[in-house]
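After this come two complexes, each holding chain A, first together with chain B and then together with chain C.
Now for the complex of A and B:
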């Protein structure tokens, strides 16, 4: 289940990777590449940061399916819940 | 054929990490060489060095926070900082992220050693079984072209972007190569420079060769003594510098400030034959390199006012003076003025050529000659070749029009440029 606190936490993780310094109001529907301009190498950094932040391990197969902020939230919610 | 001019300067040197600070330092003869405790702890013979101060504040407006956060390679950080200062100094702005690349501008930015501290981190991390922790941003920083790749991305460059490597000749070589790209019309503008970072793992190899100064650990600023009777080894240094070169037409069109013209240059190798070895230059090829540079500049040797030498504070200083004297056919009191920035910065290895070239441009632009420190007693073998009045030991205001700068490196490689002052900038622009 997506919670506002998780969205805030993910937003703080994503912030350094977003080119537009003025960018605010991250939405769960935002596409990481098309909307946030995060390249593939930075996406791996984001995954590492999420893993460290939540103390979880994200499987390689799951990384391939991460396209939007919502995808990250889904992985976090489902993994942390376990 | 296009004439090539310098329109921007940037520097991260041991005695000044902006052009403003560096200009003041070389005018005032300020040394950037200090005692380095870590070298003592590691049992080095030479415990002094010229380490440039890092200030990344200027980069934060032009790089993604994540990129800056993950930037671990000091050489690249030095290079980016110098490149950004030069680019802004030239009156240019980085290409916005969403715009197409600037196809008129390329970059040649060299380095010698990769950042050995970062290499150590990679090796330790892999050996500890934590390869995943390396993350995705280290490969691009460890590759030999890392610095030019980062600069190309920061500025949005779309012409030829690459890195060269020619030991201590790297920086001066990059200037000659970039000049040729512009001269022959392959690029309108080039971002040019080189960098090298501090690490005991790099400097240790030179310490082990016994080519570093071991007699000035108590008095660091006296250690680098080019042309002195007591020169007994170079002092290692680290930093970077950058110049923006562009065609004269391009500079005039956008009303850019012009520091000087690169009128000619030459690159060659001694082939480790005759007097040349892996570590010592072939004197005949050194002289020919200087001669070829003068010819390419369409200049007479008699018109050279100042030589900014390679002069690293070793036994080879006297050999270099003899090579200049033979190449220019000038000696005694007819020899040009000569100095060595290494007396203030130490030998910044692959960054030396470009940092010293920036100093050469500043002297030409501001019409002064910086002092050569620590040569109160000159090498008597040098005095057999040139008059002591030619070795500048206090800051001197001079009307100088033609300056030569050369660099020599391991592998018996040589490079040399000829800088000319530009007079009458405007409708009747011509070199003096």
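Now for the complex of A and C:
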């Protein structure tokens, strides 16, 4: 289940990579590339930051499905719950 | 169908720390990682391989509609410093790269013979044309100071 605290935590991870630094209202439906303009090379850094922050390993197959903030939340919450 | 990708090396140097733990493993195949670690200039090799993957992905994405972020599913082969190929599942895309001190630019095509017919225009800030879309480029790439168009 998506929790507000995880959304806040993910937002803080994403913040340095968002080109529009005025971006304030991160939504779980936001597309990482199309809405947040995160550079494709930086998506890898986002994944690594999420892994380090939560102490998890995100498998390659799961990375392929990451398109939105909600996708990150789903992976985090399903992995942390295990 | 064409693809192209430009990497501003000065921006990449400060923005993307490929030396951080596990970074290479998330993007590059074992063979590509060997190319990087054995290269005389590992930074150049990282961004050469990246631009090859990106340029091929742009064609593959349009061809198949698949938009998955799966850089390791794109496997690069370097034939010479300039020419190479990228395999994605059952597809192969041919690439030609221009390695400069300030940028790396790669063009990609599904047919090897088309590479020499591709026209390339690279612009550096502040000289980006405002109306480039009206010229109907086959592919557009933008990174840092650079805008690259191919026809």
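We adopt the following convention: the second predicted complex is superposed on the first by the 82 of 82 C-alpha atoms of A that agree within 3 Å, B and C clash if a C-alpha of one lies under 4 Å from a C-alpha of the other, contacts with A are read in each partner's own complex, and residues count from 1 in each chain.
Methods note: contacts are C-beta pairs under 8 Å (C-beta built on N, C-alpha and C of every residue); 3 or more make two chains touch, one makes a residue touch a chain.
This structure is a prediction, so every number in the text was calculated from the model and none was measured.
Shared-chain residue A:44: touches chain B and chain C both. When the two complexes are overlaid on their common chain A, residue A:63 makes contact with chain C while staying clear of chain B. Residues 40-42, 44-45, 48 of chain A lie at the contact with chain B in one complex and at the contact with chain C in the other.
By the touch criterion stated above, chain A contacts chain B in their complex at residues 15-19, 21, 37, 40-42, 44-45, 48. The part of chain A that touches chain C in the complex is made up of residues 39-45, 47-48, 51, 60, 63-67. If you check the complex, the residues on chain B that touch chain A are 64-66, 69-70, 97, 132-133, 135-137, 140. The touching residues of chain C, counted against chain A in their complex, run 12, 15-17, 20-23, 26-27, 50, 54, 67-73, 143.
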